[in-house]
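Each of the next two complexes has chain A plus one more chain, namely chain B in the first and chain C in the second.
Coming up: the complex of A and B.
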């Protein structure tokens, strides 16, 4: 038994066993209604065959990579853009097209390696992951680095191009930036035949974070993905739905406009659409109408703080009022508990309620701090602790008024 | 209904692609055969020429490349063994009309590989191995005219070339330094500094390859970014010296020092990016810089880094003893003329020197030299200029769709007949894209989300008219809400607002510091207000908000 135990890790290490998952017992049901169908198509993970509204970027990346593959020369590219603007999807689409060309024998074969900074526990693990995808071997990062160095620097005649996609580049930047340096230094070697595509969110990452010598190697081939505007978001949703009539067109337009005004994030728009289908289902409606979308929008772009204040106990609300009154009095954002307590006493007597004792008030303060309606110091400081308001005083007034009516 | 409708076009598409691919494959075969039969006779003569001129190693590659060029579809599959194996065989069949497929070419290959064992050919091979660009350089002479851009692109790749124009003085200085020490068998240290992309490593690796030095020195080149930590450098040097494996840092250091005082061959130790060896008391750097002054040590130490005054700043104790002080050598950023020389030299070697007009080149070099003098940058920009010119010529051919089916039909089947030199216009376009800075981010289309515009306008309002210039997110949101309410627009709440701030931050317009408590973190404007105004492109809205003191 012990022998078997010791065997498994090594066979996993040498890739003799492929990791498998448990199979489902029941068969997965196919979507039946139009709404379910729409929901399945609107899922973020269902990447469509063609990406609408990213033709220009697609062409840019495609021509860059194709030329590099035809030339057999290395290079780097930096792609930036806010989340949900289709960066990774576009690159993957380009790779798929290139792979198709390879299968038609119109292009030389190439290897495609993908690492994601977010999936690495430590920047140097990047070497291990690259090596694993390149040669199916697992090694420590030092060994992996040595092997990769050998692979990319030694001149060998039989070598094919390697495309390396580095997602979330900013997470690979440690203090010494040696990993980023090495990843970007290999393409400049004559024999490496390595093309590195780096993706990050920040537009000015090379100038802001990276060292001069890394920026110099990163080069100037850069591409920025702009956030989608409302027309583009509308087109994205419509192409996903194809010809199903699960959505009314004005409902889609509302989602697109609302999302484009805030972030231009396609994931967000799709999420809201999916939530709207669920709401429509709960109403037993066949199509998603404006009301459903509105409900979904208020749910997703909801201000929970007013609700939270409304559901506080009376004394807690009065305490919040006292804090905002104290801040209004002093004009400083930071209030001290004993001054707030004075205001609290005054408000309580104004309402004709018995004032809670100091200890109870400290308890109220701590509770509000735990809700994050207030930011307060550790209660060890007792009556001298400082209190900050974490909601705007307008919100407090707004929620109080509603209750009194 | 819908599901049925979707499945039908899907299958049809699949069918069409399948047949289409089949037809394509057949067509390709025919065209390939036709091409092979006609130009092979033309090309073989040239190939023979090349065989006589060049060394034996390169010929297999180059003729493979030739034939590949002739086929048109496969351009540069030197690497793919299948094609290499297949294409020469067929050609030889047609030329020598032999029936057996496999054996004759193998024999020929072995013959050719056996022949260069004579010392003269070995020497030739040595040269070419040191400069693999030579192989590439053979190709362009007999290419189609449309391949010009491709060659230019290849020639402008940022790998190290064999000759370095503009660095003759430095090379001579390096040579003299090494030569003197080699002759006298004395040790010395040198510190080479300069901004990135000025050819420090290229110069040293060229000096390193000098046959004279190669024979008389034991050369160790270490790039210090590859070290795990500063102290692992000792283990690396021990390994390079071949002293066996040592366990601890102390042991390896002792082993090196013992080796240095013993009788040994002269060592040339080059440490690239030496500032990575930075550690707490600089003990590593001090001890390394002390090695040359050890009695009987014959060590030439060369350190490379970006900082001009690294040795003075972090190693002040070296000043105390004259024999410890390293000789300093600075690589100045390239001037305009030097950049022009480098680019023309590279283009001339690839035989495509007419790709650039002189004016365009002058403009490019002037701009780069004025900003950084980084030759990587210059090469990058020139390569992109060539790419831009090329894509302008092939614009009609490449369809701007990303349907899988359509795009796979190779977009560059037609050869471009007009290959005019790159002009001023393209250079200006690329330079504006690179150095234009923030203005050109939003130039084409109004893609700034509305709420982000409001956020930035509120920030500008506070900075312009407000009393307190320290802006927290909470305060910014208060103003922003008032601004929104005045314009009857739904304002987002605080959690969404924090997300909004981070989205604007990715554009580099603002910086949010102190992330612990989102409401209290401070917002700093990173751009100039004029610049921001140009980026927002909504003068009317901005003017309205910025002068609205009532919102404060």
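Coming up: the complex of A and C.
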């Protein structure tokens, strides 16, 4: 056992041991019905060969990268857009196409390296990951930095181009911004032959967060991915489904319109469609109808606060009413427990119920606070704690109607 | 005295102890069978089953107030799935808890250990945090839908994972569910309604927005629709009833060390049925239901009542439940006040007057002392004590947290002039004065009028 103990980590470091998952014993079930087939196709991970509605952006990135590769020169590009608009997928598709060209010998070979800010424990680990993908060895970040510096600055006769994709760029920005600086500085070196593509969410990240010298190195080659509109979302879903008739066309349209109105996130639309197939399945229907989609939409978009209030105990609901009454009385959003309790007593006697004791009321308040219908201070402050209402008082009023116990 | 009669008594005494044991087990241990929430349970069941059988990656959140049976639901689903051969052999289950795994480092180490990846030898995981993360990600990436074992991540107290630095763990888990890697299912359990708003926008985009809500008292899934309170009564009967059938005893393995005589069980159950028809009992339960609908506190209440069973006390009376409910409904602070000395109570009364006159303004020792001395001087029958003694009494009150220091006060201020907020309502003080045994009449009268 002692041999294994020291053996394993060093084998990982020297990459003798490939990381692997346990294998499954039983064979995977194949999708049998049309709905199951559609669900498998609609999964976000099942990225199609070519992304619909992103042709323009694709061409943009493609020409930029192709030109850089042909010229053997370095450069930077900044891509922005809200989550779920196909940024990473488009870049990956471009790379796939370029690799295809390489295999046809129409283009010189290049290396593709990919790092993701969210997958690093701290910004400097970026060096380690780049080095690992370049030369297949692990080192500490200081060593990795030295080696990379040498690699990119030292003039060598025969070197191939390197494409570096940096996802979630904003996570790499620490206070000193040395990592981002280095990543963007290497392409400017004569011998580096490095093209960096950076992806982030906010459009004005270079101006807002990055320092002047970093922004200047990032350059002005920028691309923004607009959120999908309802027509595009509809097309995305239809392309995924191909010729399957699991969905009614108006059902897809409803999803597309609802999602486009909120965020334009393709992931969201696909997930809702997937949920709709499940609902249709539970109804034993062959195709997904408007009702199924509607049910899925209410499940995944609507907030459940009104429902939650409805299922609270009677005293909890009265307490919520008391808080909203106190807020209406003072006109300030923040209420003090002591004063809310007075309102609570009044409401209880109005209803003809015995008022719970202070201890019980504090319990009620704490329960509502844990549930986040209220926002409370720490209960150490006891009857002087401040309470904020986390639901609108209209919601409270609405949910009080038609209740029978 | 015949031997037979002796035996009968012994049998009865023993039976009540067994009953108590049986009932306590039934009340306190979560049951294998899950009541209600049929739809929600089916949703979770299907989700986990599809992950394992079809290799579909999923994410979901189970949301409900505390004590609504979220963990019980997941456990019962897992227990049912364990009986399927295809599930048992293929699924890897990783349990993480927000209170135990307080940062991503700990959570990752434990996930690696539970998945038995190659950098874990036995229970020990090698490598630094960043090595662990990249190794786990590479492992998941190396897997694919067809060949690798599906992993089910269960994140209890999910909202606490949202507080981790950059939400690295959540991003990576959700990212795996949305890309062509090893099939995993991320199931978060939380009591916060607004948990989605805690997620960063890129994490939120990767989450599938499947929110399964568990509302207590939701009986819509039952065979016949009944009102929520009737359901509570049914639960009451169910939890307190004994098996009155020979077969039941054998089926439920959980209780195999307390076999109940069916005859006795039938008798007991009749008695419990009568109990539900008792008006006082129903009112008591109704009152408790009005305040708290969660099943957990109801079970706690029943456990206290059942604990009163003993050889001398062979039956559950309505009175036992009333006594048990008092523990839940009484005002703890009033009870604390009743344990104070007369001097301390006098100071409390002085504080009450002070807050009433100055409408909740903060008070300090000198103000209270002044008011107290006024009272003492007016009444010759009350013997005055030394100032240090009063100070001590004041400090005692402070330590019991009837007074809260005002936040941000200068610590250099001398003890006598430090300002406090009074944390009792006048009503509570009056209640304590009423219940205090042996309180001098002058004090009781003084408590009533703040104008003296």
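Note that the second predicted complex is superposed on the first by the 400 of 405 C-alpha atoms of A that agree within 3 Å, B and C clash if a C-alpha of one lies under 4 Å from a C-alpha of the other, contacts with A are read in each partner's own complex, and residues count from 1 in each chain.
Going forward, a residue touches a chain if its C-beta (ideal position, glycine included) is under 8 Å from a C-beta of that chain, and two chains touch if they have at least 3 such contacts.
Note that the coordinates shown come from a computational prediction; the quantities given were computed from them, not determined experimentally.
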Clash-or-fit label for the pair chain B, chain C on chain A: fit
Touched partner set for A:136, first chain B, second chain C, both or neither: neither
Chain B versus chain C as contact partner of A:171, first or second or both or neither: second
First (chain B), second (chain C), both or neither touched by A:106: first
Inter-chain angle, chain B to chain C through the CA centre of chain A, in degrees rounded to a multiple of 10: 140
Chain B versus chain C as contact partner of A:213, first or second or both or neither: first
Chain B versus chain C as contact partner of A:364, first or second or both or neither: second
Contacts of A:47 with chain B and chain C, given as first, second, both or neither: second
Partner chain in contact with A:82 - chain B first, chain C second, else both or neither: both
Touching partner for A:268 - first (chain B), second (chain C), both, neither: second
Contacts of A:62 with chain B and chain C, given as first, second, both or neither: first
Three-chain overlay, closest Cα atoms of chain B and chain C, distance in Å: 5
Residues of chain A contacting chain B in one complex and chain C in the other: 82, 201, 263, 301, 303-305, 390
Chain A-touching residues of chain C, taken from the complex the two chains share: 42, 46, 53-57, 63, 65-66, 85-86, 89-90, 92, 104, 115-119, 121-122, 124, 126-127, 129-131, 133-135, 137-140, 142-143, 145-150, 166, 168, 171-172, 175, 177-182, 191-194, 201-202, 204-206, 208-211, 213, 215-218, 227-229, 287, 289-294, 328-334, 360, 401, 404, 421, 423-425, 428
Of chain A, residues touching chain B in the complex: 34, 37, 49-51, 54-56, 58-59, 62-64, 67, 70-75, 80, 82, 93, 96-97, 100-101, 104-109, 142, 145, 149, 155, 157-161, 176, 178, 181-182, 185, 188-191, 193, 201-204, 208, 212-213, 215-217, 219-221, 224, 226-229, 242-244, 260-264, 301-305, 333, 375, 388, 390-392, 394
Residues on chain B engaged by chain A in the complex (per definition of touch): 2-3, 5-6, 21, 24-25, 28, 61, 73-81, 83, 129, 132-133, 150, 153-154, 157-160, 195-197, 225-228, 273, 276, 306, 374, 376-377, 380-381, 384, 387, 391, 398, 400-404, 407-408, 410, 434, 441-442, 445-447, 449-452, 474, 477-478, 481, 492-496, 499-500, 503, 505-508, 517, 519-520
Chain A residues within the chain C interface of the complex: 1, 4-5, 8-9, 12, 17-26, 28-29, 31, 36, 39-40, 43-47, 82-84, 118-122, 125, 128-129, 132, 138, 168, 171, 201, 263, 265, 267-268, 271-272, 274-275, 278, 282, 299-301, 303-305, 307-308, 310-316, 338, 341, 353-354, 356-360, 363-364, 367, 370-373, 380-384, 390, 404-405
